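In what follows, chain A forms one complex with chain B and a second complex with chain C.
Entry: the complex of A and B
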């Protein structure tokens, strides 16, 4: 039947290796405590949420660089509307903000026929500018306890709410990508857009939906940032797009589209989070963390490459 | 060995993983001849050629060049002996110029062999292209050339390496009729200058046009070598397929159920401004052939019926319902097997199953979820029914042969039990065995009551299948011919050309 290719599983192998390595070297420094492991999931949950959506975008053959700054804008929008109009308004406004950016990206790509790399590169900068402009870089304090609990600081039993969000989004994403007609259409669109159209798939609509999903996920991620910090800052999500794309590609999604899994993406995000966490516990400073995390990503992706036929 | 033979391959054997692919195969090539190499998939043609070009190493047998035994262990050695292959998928680098491509890795040098002498390369490339009868500015980037010109550059590249044996693998598969004509002239010119050509093609008519001799391979061995003027098309098909399997290529008058209501009605359709109009109908059970030159608008008509293109003017209706979009067409029971299965028909990196399910998603979902199990069962059914050679429904389709890929595209639409199935060049680049299967599948579909529209440039195929043939010129219907009234391929050929 299907040939087993170990390259498809390289992210799990690396995740295992990294856990074992830090477990041995940092076991007595608190790496292996339940508290720390939840810390890892907490700090990666925004990446997971955005990477699940990014998997859809990349699988349909596009890219979304604007997720980080959109998360920042959604955080500020949530903060403003929460304080001014209450919980429901805050949540809806943040999601709507993500959807509007996603819609703009999607329309430029599908109707305007502009490569998504360029559209979302521009959008990334434009939205980041908005982030700084709307509050003149001042933070908004969020005093809504319900919001803070649900979207960041709280927990259900021993499980942090951030962890629950990331698992929930990953499960939904997995089911949709793997088991629904829409998921198949996404993969077909990225695998060969022309053939998908000749099979009756409306590929423009598929792509537009993927950008809307990405925007909404960035909106949710923005709320998670602000709920965790109980504040909204213009700088939330800065650089997150790179971690999100790295997690997706580490997880085995093809940069050219047509192939990818949410489980891989989820583990890819955890891998990045675990590396960062371990390096911090090791006592490395930010510059050293960057060097090592970057090197590990390159090595993992290199190992995941299939031999060229 | 005859005195005029420059190449002789004797008793060549080759196995992969213990499976014999070549069993004592023979092949001999004379100086200055065009020699067709034919056979279905798995006959061993490409393995034999890969041994000749040094890609594979033979297990047993001898290769003689000019009567002397040679070892062709690497591609480099074969190249040094003057053996070159013109690839089916062109191997030029689109962003580099003609001269840069022709002399890639063999550039003229200057300044103590360090720098590349572009002027000298350019001069020599220009000369080569002139010799081929197609002068071109050597500084032109490849991406600005037509496919036909690219092929000339490929040939120039081979000649620059002093090739004397050229292997052409399906050289006309992506050429227009005019370009094909130019290629044939080139082949004749090369032949006169003493170069020998091994010509691999599935297209029978080409073999008779340009080749001097033909060798047919079947099941890993050469079954027949003859002068082309001594063989008939029927004879060749029989040699390739084995006894009694050539009936699929003969026209059988079909007795289809007459019906008053047509499935497809095309009324005053013009596909583009200033082209057309065309009006015709197809009835249930009827096979209609659409003939015409390349660029006559055949594909555009099919794509407009399928809703992929917006009609400039006129209407298309299926079972009385007007069609404007692909969704409407599919829902009305229309299927299209497109012209290029690799770019339009299939997602090559996906499995047979994923490709098969794609246009049939609504049949294989329960609630919101796709039922892969049911899809796999249906796909397995088609694998057996259409005789698709594949490991299983989960296997990817990229590496399958053209015939097997085409059968998968057919299966995608057959699952929908189409009322109207359109096939655009259904046997292009498909080997003879699969071709015979596909012709029979098309007849079976029509016998099941569906209306069928077949577009093909291969007249013998149109004549074998169609009940009626429509000749299109510049988007306009110029002849509506009953098959019974077409006595010969010649006549149809004239109807198309005029």
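Entry: the complex of A and C
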């Protein structure tokens, strides 16, 4: 029988507390309006998409710091191909762009045996430089209404398309991690690589797939950025990798691999988004927002730690 | 139409006809009579007597009162766009941060105007992130008030998404400094009231002309523009290029973007000093923050008194350098404008559209996309810009009487990317 450990649920507890706190203190300032709650989901959807993939990467014992800059490159790629060749080409090019970066990361880690931290740190710089170089930091305006509506600005009934994308990706990620053989192989690879290999798991292949998933998710996130902003700019996704990793770890994923849930990651991303939104409505400036958001994240992670026996 | 009062046996048969009336602003009121037919049938099946005349009268009175309200608000304002009482408004001003002197001046201008108007103001800080900027504006829009926005966008490309947010909110906005090509207030609807900027070419020429004068029309200069994705930087750089055409003995040695950043300007200038050594006679920068970085680099190299500098923005430390004639009168010019003035002007134009004091459809092309007056500060006149940040006494009161008082022309043309 699995023993109940309250630390596994600390992200839900904090999310509830933060919602109640802002609901009471900012209820009369529009925090609890449907429009504002959708604002939170809009601003966190890119983080959710990348964090779902990051959960796979971290669960298999690796890290991907290049997701933010890859999203920026994918946004630019989508913008260029949308203008030049149309909607389908733009979407495919952005996803392919993410997959190529993911493949490069995966090959360096699995074939080159280079630590993923170093590979993806370098890739983050390389791709960001590429973002700037290919556009000379100039934006690409996206006037394709279909693309903008599907990937960011539109809605289905009352539901923003960004929210739908984030829920869709989270559901797919949850089903794959929880109910498929590949999901179990990911957790086994991160939990105990030697044991997994003795059990017949090709851990290198699993890791490569995880980096491909991460790259594809960054490609989709890039399209969501560009759809939301109706433009593509080299700076999209700057610093997103930290929010993505924070959401994943807040959600209960072990930084050392072998353990994690997509639902936790989803709530972790919403927690970060809710804190940011509430602090904006409170009227705090950027420095104060950073201090408080950072402190809340540290406290939440500290509460989530299990005692060492 | 006749009043009908009948029993359940004979329900009215006026299907698919509608009562329609139009208010002076073009909004249309509708009352579907088809619904009455359906309603009366339902009542029939319930075995109740239907007083359709009374029902129609109630419907008509309700709809007429809504129509009258809409008509009254528009008629009172006398303008074509929807207007609101000021108690329904929230002023919003966007900045990259609150610490940069230009941004601090911008915030102060917004707050002073809000105090004069008696309307609350919120400051949205983007921290240089497009997504944070949009999320901040959306958070303010969710408060249930109509947004009156002046936006100093992180990047020109942010504007379309913000315009969409403000349109959804029903508020009004003015953008200052950067707007993407192809986007114009006039073609974006009444909610995007205006775009304003300071003429970058004039500003660039201010620095370049005085630099050339100080160098007696000859010598080697280096240029530090801002970020490449900035129409403002491109305009100022064009002002430099236009000026240099008049001085064939002057040579532009090198151009390196320093991203509006003092630290980057310091580092870049150090590299250029290493590359060109004593060949550099003058430094043109697109902004005073970068000029201060370049000045610092030459001071560290022990050459500040042998080089002339020009900037843009007339930052207080730069005015001080000019007043003190520091380093052999090294700083020769800086174009003058203030975030205070830009924010107050933009916010006031959007506010006046929101309360109906200006009719957006009747604004001139220059008022919807215009350039505002720029001064040129030199060591000779620098002292008069020291008090109150260079803002003339009573400037805000004059502005409230006429928000376009500093408007000097339409769109700036002929820009060059470095």
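General remarks:
Please note the rule applied: the second predicted complex is superposed on the first by the 309 of 309 C-alpha atoms of A that agree within 3 Å, B and C clash if a C-alpha of one lies under 4 Å from a C-alpha of the other, contacts with A are read in each partner's own complex, and residues count from 1 in each chain.
In the analysis below, a contact is a pair of C-beta atoms (placed from the backbone, for glycine too) under 8 Å apart; a residue touches a chain by one contact, two chains touch by 3 or more.
Keep in mind that this is a model prediction, so the values were computed, not measured.
In the three-chain model built by superposing on chain A, chain B fits alongside chain C with no clash. In the superposition on chain A, contact of A:228 is made with chain C only, not with chain B. Contacts of A:42 after superposition: chain C is touched, whereas chain B is not reached. In the superposed model, A:181 makes contact with chain B only, not with chain C.
Judged by the touch definition given at the top, the superposed model places A:136 against chain C, while chain B stays out of reach.
Judged by the touch definition given at the top, the superposed model places A:286 against chain C, while chain B stays out of reach. Of the two partners chain B and chain C, more chain A residues are in touch with C. Superposition on the common chain places the nearest Cα atoms of chain B and chain C 38 Å from each other. The touching residues of chain A, when paired with chain C in their complex, are 29-31, 33, 35-36, 39, 42-43, 46, 136-139, 141, 143, 153, 225, 228-233, 235-236, 238-239, 276-277, 280-281, 283, 285-286.
Across the complex, chain A is touched by residues 308, 326-327, 330, 336, 338, 343-351, 354-355, 357-359, 361-362, 365, 368-370, 391-392, 394-395, 412 of chain B. Within the complex, the chain C residues that touch chain A are 97-98, 122-125, 127-131, 134-136, 138-144, 155-158, 160-161, 164, 180-183, 227-229, 417. Residue ranges on chain A touching chain B, taken from their complex, read 1-2, 175, 179-181, 183-185, 187-188, 191-192, 194-202, 258-259.
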